[in-house]
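After this come two complexes, each holding subunit A, first together with subunit B and then together with subunit C.
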Partner chain A sequence: MTDAPVVSIQDLSIDYVVGAGRFSAVSNVSLDVFRGHVVGVVGETGCGKSTLGQAIPRLLPEPPAYIRGGRILFQGQDLVKVPLWKMPAIRGTGINMIFQEPLNSLNPAYRIYDQVAEAISIRHLREKGKTVISHRETPPFDYSRRPTSDAAEALSRPVIPGGAVARVARNAAERHPELREEVLDYLRLVRINDPETILSLYPHELSGGMRQRVMIAMVLSEKPSLLIADEPTSALDVTIQAQVLTLMKELIEEVNTSILFISHDLGVIAETADELGVMYAGKMVEFGPVADLFENPRHPYTKALLRASPTRYKTDGPLSSIPGNVPNLSRPPPGCRFHPRCPIAKPKCRREPGPDHVAPAGVAERHTSACHYAQEVPGIP
Partner chain B sequence: MTDRPLVEVSNLEKHFPLTRTATEYFRGQARRAIHAVDGVTVTVAPGETVGLIGESGSGKTTLGWLVARLHDPTGGSLKFEGRDIAKLEGDELRYWRRNVQVVFQDPVGSLDPRLKVWQIVGEPVRAQYVMERRFATQARARFRGRLDQKEERARRLQWNRYLRDRARYERWYRRRANARAIRAAGRGKPPQSGAAPPAGGSGTVIPEAPAPSPPVPARLTKQEVEAMVPLPPLLTRREVRRQVPLPRKPSRKQARARFPAPPRLTKLKLRNRVQAMLPTVGLPVDCLDQYPHEFSGGGRQRLSLARAFIVDPKLVVLDEPTSALDVAVQAQILNRLVELQRERRVAYLLITHNVAAVRYVADRVAVMYLGQIVEVGTVHGVLEHPVHPYTKALLAALPVADARRRRMRFRIGGDVPSLVSPPPGCRFAPRCPFVVDRCRAEDPRLRVVPGASGQQVACHRAEDVQDIAPESLLTSVDEPHAAPPGTAS
Partner chain C sequence: MAGSPSTGEPPSSPPRRRFTDRARGAGRAAARGLTSFGRSVVILWRVLRANPLTLVGFVLVVLIAATAAIMVTVPSLLTSFGVDQLTLDYNQAPSLHHLFGTDGNGIDIFAMVLYGLPVDLAIAFAITGVALIGGGGLGLFAGFWDRPGSVGGAVSVFIMRVTDIFLSFPSLILALAIAVSLGRGVWQLIVAVLLTWWPYYVRLVRGETLAVKHLPYIMAARAAGVNERRIVLRHVLRNVLEPVIVYFTLDIGTVLVTLSTIGYVGLGVNYPTTPEWGSMISYYQNAGLIGTYPWTVLGPGAAIFITVLAFSLLGDGLRDVLDPRSRRVLAGTPSRPSTSPAEREEEAEEVAGEVLEIPGPLPSAQEVNAPA
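Up next is the complex of A and B:
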């Protein structure tokens, strides 16, 4: 790993402030995604993995979310410090997301062609150096402050060409046959048979797997440097999920983009990711290459999670599960957050939080664990 | 365990009719229907778990709802403990429902957010109590009301019979009185007819001059007869009723004794019963007054379990009980399900697309595809040695926590086809890698395949494909793909 990471998250902490309560959804998470790598993030519901994924393109609703600290370094700038109204320029061609429910991410009122073509034409406009920001992402009007008369400040802002540009882009898409060819190319890239008929359909006329493939085509057509896939196959059936995963695996080889793959399914992660981060209660408890992490888990939580997937019959005895519940994040337990459920917890775990990014002995390179007693983990029955 | 199966489903069908468009209507096209469940045969023994696996749209949930009679079947037979329940209606159906409980997939949507735990879990108990009370009230009313009608009918009959007898008597009496009166009028008087003396005399004529004979008495009128011999007086209805004793209408007290109401269900009793139930599903007993939003997903699913088990059903239909849960919580719920079955000998119909859950909980497993069962047998048999190509595809598609599968690629293409008026032939034929012409023409039937581990398979080529391993449906990424990859980059 000589080149710089595509995105580097350093000590990121995110809180949700709800009423008087404050939930630390993500605390002190550090993560590097290198060029062409697929990094998986796995964890239970409420462990903060989706919050982490949405924080990178700053899609979190702020408030209630609040980035308490840390840095997200992307293309030489710290995304935490970038004002929100400048983010749309980075989203799309810079960072792009695939969400869980493809029907919610596609516009039900537009045909597939219009949606894919819009994505492509926006990229074309950006490649020509034009700024395409739709009027919605202008800085929000601050009612608390009187309008400034600072002409210099007004001139320094980019000229924001309202919704007309989007409309022009769409008209241009209809006028340009080469754009149509490009749309067809991307639909073929995601293995859609007979893409010509798909072009004039609406999203609701497609099956779930098809929708997700169109979504992937749209995302890839913008050629993002970082793709964040937030549970892209959870809403799909098993065989359709296998098809989409197969497609994603092939695209990873072909397109060579960096992916942050968020899922709660260890199996899905195992099939796609190169490296895997395991999150628990807002903390990254273990990180490492997938094969090594599965063979050689060095955190009690990872081990319990791996053993909890039911692969046995009723006659073989009860399944192993993790006793207790996920802690309440408004009052996380002191010390290591996993210690109330940990089989090897010791007094030190109650006092001190787990070490950050310590590589235990006997594991592969870049494999780190946040457990005080990582050496004892292989001994857990 | 008895030999008789708890649930017998044979050739069960559920077709949801579609509305015809105006064009279709005027062209006279037949009404189409979604064949959600199309000829399914399966049995569940008491205390057994049958797993139903399949993708969404395969009709597994519809089948579960049919067994619980939440849908009405459109064809085939459905027997519960030997009794046909496909046509049960009204109160009979309502009474039968205590045998079957359902646990739904969505732990948020299936619990009323405005009810507390004791109300949610106690709801089936309360509903049964209300139903039993209504039944008792109805039975009592019927018991008393039916005798009312009987009595009414008997009294009418009695009165009519009296009137008839009285009329008969009157006629007889009048005839007799008439005869008497005639006789009395004739006695001590010359024979009425001088012209024709009775024959048999000497033939001599009596010398006296004939006296003026009184007029021959005519037939007496009713009034004359009654004036001479009064009829007994006509009885009133009340007098008739007094003479003949009738069964009396049972009193309210008697009806209550015969059809006692269930013991009164107080809030305290209900709360106690819920409290006793909660530890068996692994919930703390002091959460009676909490609301469902205060629980995590696993806790909510436990509430659903408690609600299903509190009335001691014989069959529980588990509709995706763990799909919305995390792996660790899922393991807890599955363990609890197995324990509950051991304690209570309840039968499960486990509907899920999660093969791992079926593997752990089920005894037998049925694989559904597009409304039909393609393979059914023991869990070991079906999951270790699948015969049907679809079962193989399903097992191969499962993501396994094994980093070596990174290089693997799934070979089965295509989408699940539509269920509207499906074509004849095997439903999996359009996606099947082993398809031959016969598959597209002829419907395969479930049959035992020789050499397999005892399961029934609906495949024409079962003998040919049974030795193919599911893993062979995956290919390595390094091999060339059949379809040329896209040109865009």
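Up next is the complex of A and C:
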């Protein structure tokens, strides 16, 4: 895992311009995601973690969002400079995304077969050299079975919606055994019982957990190098959440995808991530291997977050909360953005923003903190 | 949480099963072994059966369409008279020979109403069809590519402002004005009404597109690498289509009434050389026949009424046919294969076992926390 990162975000800043106001949602964030790694990003609501996630595949609506500066290096190009019309060729097989709302992430008008088949055929088209995206050397499954003819594949992609042509095309696709088999393979991969039945169902006929599994199947069927999971389990209840997380962990190993896992749930992150970035008010305040960061937090915000989490420290007594509120990002506080809420804030914190990527003494490799007084953090009661 | 297997997802017991069991059983028997087309017919029948008024509308529309098709191909099946054929029976009251009677020239009213049917339908469909495709296409574009500052954004603003200009005139008055300047005739009538008709479709489709394009599944499709053209044509258009088709069907009735209105004020087509219902009523009224020979206008009037009613009734129920969500509920078609109770139990146990094996996030967090 010492090769070049799959995606390298350098000094990325994103603003939202709403009316006369300008909100810096993400400020000078740098982050590397290595091959096969799961990198978690946690933070309170409004800290910019979803904005960061959507900015990587350039899915942010621009305007109102503007990428003010920085670079997103992916497969040798800077995605910030790639024109938007070229992005569809990079998305999907290159960078794919699972969203927060599994209940609405499937098109209600199409059967499950059509939706999974669409995802698979996007990859097939790319693999045929229409757009070279994938750099993966070893496919995890046997894809020697290919659609036999271009005509059949063209038919499997109905363009005229809902009408007779689409119906004819769909029947053609259903008669298309290779594509159908591949769709079934992926549905089995995400542990859907009886995938043959699911094929002809509409999304509203599936439960939330099933829908999210179909989403995961679709996303994985494109074999992305980077998968951005934006709170993929937040809308699911806890048992289903556990199932989906276990599934994702297994699939990460099988498909060898790197994942940027965005969540506000430390338990979920602890379960899945290898490394963790903690965001506060648009800044990445601490980054490090999950175990080390949980064991040895070096930013007062991380420490406060951990103390507010029911999974750690507190086995009895009330949970602590962080005093104060997230600052208004149109006028962020000067200096370190956390200083108004920080228990160890000093005059320097009010003047100077925290240092970027400084590794404090006594922590693991690649563990960095943006606190002036990182050494004092362990002493916070 | 890991200790409560009963909350695990039971994929084999959808709650719908309970109250639609009978319908599903019947449906399964009927739908088994059918082609995809056959299954669609079965579903259509169930939806229609659930909404009797829609069924009436559907049957009427089918009858109207069949009549129109016959009148275009072999009119002699339904009437022995030709278009504008003069007979020696002047001003006859309705009888078996002349179902709707005749006028002062001996023209058979029933025959003329029948000949008018394909003409009226063709004009109505030409107007609504072009408005749907043209106006709808513009609305789709204006709704989807409305990013300010881009070329698409500028084009959409232009489209919407032109639409606003057309909408700022009362449409019937504008249509009449255009009809006056173009003169009488089928093409002139189509153009006059069409020019006032398309802006509504732009508005409707743009509104629906704006609503649909921000839904998560559009974002998900984009993330999956689907290009913008395909997102518009496949993902947005299909979801915009339902309300638009419903509006379109209801609109056929509206446009028929508008045609009749224009025909009635004497700006329609040349009756009796071209049979058209609105012009027909206007012609006989101007000839002063309403009082003495009311059947001359009752025939075409009834034809307009029934046709408008048919499309309105059909349009009301069409949403249920088009929307997959209400379609399945109404049709009660089997969405899962039947499994025996024993199989279901087995499956549930399997699922429960799976859940039990999964370590919850809690213990793992503590594992991470534990000193190495």
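Quick notes on this one:
Operating definition for what follows: the second predicted complex is superposed on the first by the 326 of 381 C-alpha atoms of A that agree within 3 Å, B and C clash if a C-alpha of one lies under 4 Å from a C-alpha of the other, contacts with A are read in each partner's own complex, and residues count from 1 in each chain.
Here is the rule we use: contacts are C-beta pairs under 8 Å (C-beta built on N, C-alpha and C of every residue); 3 or more make two chains touch, one makes a residue touch a chain.
Quantities reported herein were computed from a predicted structural model and do not represent experimental measurements.
Put simply, more of the residues of subunit A are touched by C, taking subunit B and subunit C as the two choices. Residue contacts after overlaying the shared chain place A:A20 against neither subunit B nor subunit C. In the superposition on chain A, A:Y202 contacts subunit C only, with no contact to subunit B.
By the touch criterion defined above, A:V290 reaches both subunit B and subunit C. Shared-chain residue A:E254: touches subunit B; no touch with subunit C. The intersection of subunit A residues touching subunit B with those touching subunit C, taken from the two complexes, comprises 191, 193, 207, 209-210, 237-243, 245-246, 265-268, 270-271, 290-291, 294, 311-312. Across the complex, subunit A meets subunit C through its residues 57, 59, 63, 85, 88-97, 99-101, 104-110, 118-119, 122, 126, 158-162, 167, 170-171, 191-194, 197, 200-202, 204-205, 207, 209-210, 215, 218-219, 222, 237-243, 245-246, 265-268, 270-271, 290-291, 294-295, 311-312. Those residues of subunit A that touch subunit B in the complex are listed here as 44-45, 182, 185-191, 193, 207, 209-210, 221, 237-243, 245-246, 249-250, 253-255, 264-272, 290-291, 294, 304-306, 308-314, 318-322, 325-326.
Across the interface of their complex, subunit A is touched by residues 1-2, 4, 7-9, 11-12, 14, 36-37, 40, 147-149, 215-217, 219-228, 230, 233-235, 237-239, 241, 322, 324-325, 328, 335-337, 347, 350-351, 354-355, 358-362, 364-366, 368-369, 371-372 of subunit C. Considering their complex, residues 49, 55-56, 296-298, 326-332, 334-335, 338-339, 353, 355-357, 359-363, 379-380, 393-394, 396-406, 408-410, 412-413, 415-416, 477, 481, 483, 485-489 of subunit B touch subunit A.
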